[in-house]
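Have a look at these structures, which come just after this line.
Look for chain A in each of the two complexes below; its partner is chain B in the first and chain C in the second.
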Partner chain A sequence: MSNIAGKSYAMNVVTPAKWYLTWLNKLFFGFVQLPGGAAYLKGLLTLSLIHYARWAIVSPKQFPHLDPSQPKETIKYSYMFFFSNFNGSWAQYVDSFHTAIPGGLDLFWTKNVKYPKSVPLQPFHAYITYNQVWTNHYYNAYPLASSNDVKNAQHLSGKLRAFNDVHSNDDPQDFQQAYNALLLEVQGAISIMEPTPIISLSAQAVEERLSHESEVNSA
Partner chain B sequence: MSLSGLLSVLKILFIGGIQQLFNKLTGKKSPPSAAGLTILCPIINGSCGQKSYAMQTRQYLQDMPLHEESPMAKVPNTYLCRFYVLNDVFYEGAPAVEEHLNSKYIVFSSNYYGDLDTYLTGMWEHAQEEVQKIWQHAVTFDRVQNAADFVAYIKRCQVNNSLFFNGSTGEPLEEQLKNLYLKQEFSRFVYEHQGLKPEELQCAFKAFIARTQPKNMSAPTWIAGAHKEIVKDS
Partner chain C sequence: MSTHIDLNDIQGNIVKGYGHFGYPKARYIFYRIKECKAGRQFVQDINPLITTGVAWEMTAQSGENSAPTATTNISFTYQGLKMLGVSRLSLQSFPEDFAMGMKERKDILGDDQTSSPQHWDQIWQGEAVHIWISINGKSEDVVEKRYQAICDILANTNQGVEQVLGHTGDQGETNLPYQSASVIYKNGKPQATEHFGYRDGISDPYFSAASGNPDRVIGGGKPTRGNPATKEGWEPLENGEFILGHRDEAFETPKAPQPPLLAFNGTFMVYRKLHENVGSFNKYMNEEGKKLEGGKELLAAKFSGRWRDSGAPLTQFPTEEEAKAFGDKLSAAEKKLYMEQPNPSAPTVAAYTKLRQQLVAFNYDHDLDGSRCPMGAHVRRINPRGALEDGKTAFNTPGALVNRRRILRRGLPYGEVKDESSNDGNHGIIFMVINASISRQFEFVQQQWINYGNDFKLANEKDPLLGNHNCQADGGGKMILPNDPKGDKPPHFCAGIPRFVETRGGDYFFVPSLTALHMLAEGIVDPT
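This part shows the complex of A and B:
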């Protein structure tokens, strides 16, 4: 069991909301997807530490019922499922959100039962901790890369391919001049990606256990 | 607008999201991009021996190999995904109402590229053995016999995302991995080729391009899920 795969952390939060009020959440989620409402997501983009995140609101009737042998759900609340894939530790992530987009968080979780609001920090920490579910298996296609690495790689590779198409057969002096200009343009994307440092005691425990298992298996 | 039209708009607005309505009104068609799949699959209530089916499912998920050995590394276009078993919902304390689920659920959340049918078909074709083990105790999964059944089953368990946030690039995974490989290799090239004469630099750069093949997406490139640098050469 681990919420961590390389540089990514998987957060799962499940919170109840009165079913007849979740239209407010859905309205806000819909609004921020419109061109004019995208400004509300600017904080998420600015944070730049998220690969992907999502919210899914599931009403009592929307819990899948596949067969008469399966008991029907009798719950009254709707439940909001939140999933995030982000870089860094739990505390860094929650604190960044609390600091950068407290208003947006309050709108996303508006009317959820006993949501304490994102400010002050400690009740918000307690709310997320209490409602978090641990991941049983987490897979990341690029454990060495942060979200910014993926975006920088796209930027750098595009420029590199274009540079090669245009300048590879230039006169050597012109080539070097163009090469230096390329470096200036992509300097923010030039860095070596390496395995992430251990960011929590639990992550360290997982690493140690896997290392031990590997040694036992190879012995 | 007719009543059925109005109902259709309301359904799109509150179930499918305002973005769909906007796209419908403007005729805009989204290009293939990153997407999010969220499913809740009920697990059969019961046990085998002293372990409930939910516990067995959780144990299997927790024991699955990680990183490049994960079965999900074999599934084309999976960026990041997770599984967990939802035992129950949370009681928030008085005056909230205490309630409990009547089933436990496998929650599968995947961030992938492309259309859902292609993605799920690829999942069945590339990781069928593990898929069948993961879902072996799920309600009605014993009726899933082939890729088409699997796609239909997953869609029955799918719940709509109210908001999907893409903080990444939305390219196919193969392109992302190639770009990461190029970023790493070019960064090394830059560090190692400082202060050269123009002729030497150009010669080294041509060798770098010949080795890394920037336009060849399939090789050389990074292996999906690798927790250390593993380059696929062919």
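This part shows the complex of A and C:
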């Protein structure tokens, strides 16, 4: 069990909110998607360690009742599900939110039960830890890539294909000139992908145990 | 909340980089406690020698300078606190990083290959050391005198405390009783540089309790959205980033060991002996420098973010000519200031201060593409000065991702370079860090900003100077030096960068307040 796979961390946080107040959260979710609310998203988008972040509110009536034989539950609260994948450690992520966009965070979680506000940090840490659901299985197709790497690779790949279409038959001198211009254009997107630095000794220990066991099993 | 701090209760190395205060010579001595009572006696007897954070001019009577000829400070590893009889309840309230010690954190720190603990000095090979003591002095003689005084105190413990030998020395010794350090002298004159030739120790964080010139907030504090060349561009960092028991940048008192009085006014210290591969550095600069338009000095500046001689920031002084003109003015002003000691005239001080400020009073807003100072350059990595906001007004404050990662750097160069074309020998930097949280501050910087590049959108690119580049034959680090996007020159690619800096030892220490030192000596630490 680990929340970490390659360069990524998967976080799930489920927090209760009084059902009759969740319209406030929803109002804010709607607002940030309007042009006037973009300022709140700008901070989030500039935090380049984030792959994605998603909030979803499930009201008591929306919880699945799959079969008449399933016992009826009494659900007192609406629940806000927060999912995010990111690069780096838990603390790096939570602390980045807390320092970079504390105001936005307080609006996202606005009236949720016992939400302590994002500043100061220690009560906020305690709130996230208490409500976090740990990940048992986390698959990462590109363990060497961070979200910045993927964005850079996409940018580079597009430019390189377009370059090929136009210049593949240039004479050497023209090609060199065009190639240099391409390098200059994409200089911010060229990088080296290697394994992640070890951000957690506990996760490293799990990884080593599992890879040892799988070697033993396949032998 | 008050930003007042009782400097009488704080150890002096927290607020003073002694090297900058006219103490160019140092020794670092390590001890193991064999017997608890003797250990407490040793701490008790050392106490009167401990240098506090009090500003020296403040205690001066009738104009006399109160600065001591030698300073002494003390700190403890986790095992050291345990040997002093600190209870388990209290020990378990210390953070994991400190409890584990540096050797066990090697995977976090990237101390692998030639930096791995098996290559460290002998002193780090056995069980952990317990006590670190530093002596800084104005001359070797006063350091020796203070050292002898401490040896006498040690002798009184009747082997209940032992000095740990095992430092590697300049003549190939492997069992020296202490680590010496000193500023580098050239033709008998002290230099502000380290062994690669970079002017060092230019920028240190400025926090509310920092003694010294309040103008140092410029470039040393946390960035505001004001002009970085003026005081409006900066605010002091909160004391709690560097001293426990005070408000930090998260608007709370940092997590600290129990009882509160043990932690209050204390902090954590990292001690690292870093060997500098001068031969590899010079060879790489000479060879790769030939391929770069601008040559070797520009390459050295692109790696560091500052020009070697003057320390002029590359982002403000992009050409060697500009840097040289600035450097000449700065050294003339320094010389004038020196000549007029001890009572320099106001215009001399003002002229020097104005130039000195240019070394630090800047940010990277006009250089977001890194075509002047690369994003991956050493100084831009370890102190991005708000550049992680990408030039947008996106965060609550431009220092959002930086203000909690600042570290106070202490220490001095050690050893002598006898052959500039060789890596062999014993020379480098005794690098010390003061911070309230080793994992949040020092380890984060070391791991994410020195040995990795994602925060700068540089994937796995490492700090060219300090990064743990792969030492295998086909290895080496890489770095892209961006060029002006409006120009016509492609970026320059550096490959095969050797590991220039290797770890040769170190550990994590707790630096108690003077009050806490008395509590430890008396054996009265009780968290219940």
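By our rule, the second predicted complex is superposed on the first by the 215 of 219 C-alpha atoms of A that agree within 3 Å, B and C clash if a C-alpha of one lies under 4 Å from a C-alpha of the other, contacts with A are read in each partner's own complex, and residues count from 1 in each chain.
As a working rule, a contact is a pair of C-beta atoms (placed from the backbone, for glycine too) under 8 Å apart; a residue touches a chain by one contact, two chains touch by 3 or more.
Please read these numbers as outputs of a predicted model, since none were measured by experiment.
In this overlay on chain A, chain B fits alongside chain C without clashing.
Contacts of A:Q122 after superposition: chain C is touched, whereas chain B is not reached.
When the shared chain is aligned, chain C comes close enough to touch A:T46, but chain B does not. In the superposed pair of complexes, A:S8 makes contact with chain B only, with no contact to chain C.
Residue contacts after overlaying the shared chain place A:L183 against chain B and chain C alike. When both complexes are overlaid on chain A, the residue A:Q173 reaches chain B alone and has no touch with chain C. Seen from the Cα centre of chain A, chain B and chain C lie 150° apart once the structures are superposed, a value rounded to the nearest 10. Applying the stated contact rule after C-alpha superposition, one finds that A:T110 touches neither chain B nor chain C.
Touch counts on chain A: comparing chain C and chain B, the chain ahead is B.
In the superposition on chain A, contact is made by A:I101 with chain C only, not with chain B. Taking all C-alpha atoms of chain B against all those of chain C in the superposed arrangement, the shortest distance found is 7 Å. Touched by chain B in one complex and by chain C in the other are residues 45, 48-49, 149, 152, 179, 183, 190-193, 195 of chain A. For chain A in complex with chain C, the touching residues are 7, 42-43, 45-46, 48-49, 87-88, 91-92, 95-96, 98-103, 119-122, 146, 148-149, 152, 179-181, 183-185, 187-188, 190-199, 201, 204. Per the touch definition, chain A reaches chain B in the complex via residues 1-2, 5-6, 8, 10, 12, 14-16, 23, 25-27, 29-34, 41, 44-45, 48-58, 62-67, 69-77, 79, 81, 83, 85, 108, 113-114, 130-131, 133-145, 147, 149-154, 156-157, 160-161, 164, 168, 170, 172-173, 175-176, 179, 183, 189-193, 195, 210.
Of all residues in chain C, those touching chain A in their complex are 105, 107-108, 110, 249-252, 255, 369-370, 389-390, 392-397, 400-401, 403-404, 439-440, 444, 447-448, 451-455, 457-461, 478, 480, 482-483, 485, 487-491.
Across the complex, chain A is touched by residues 13-14, 17-19, 21-22, 34, 36, 38-42, 44-45, 58, 61-62, 64, 66-67, 70, 72-73, 78-86, 89-90, 92-93, 96-97, 99-103, 105, 107, 109, 111, 139-140, 156-157, 159-169, 171, 173, 175-180, 182-184, 186-188, 190, 197-199, 201-202, 205-206, 209, 214-215, 222, 224-229 of chain B.
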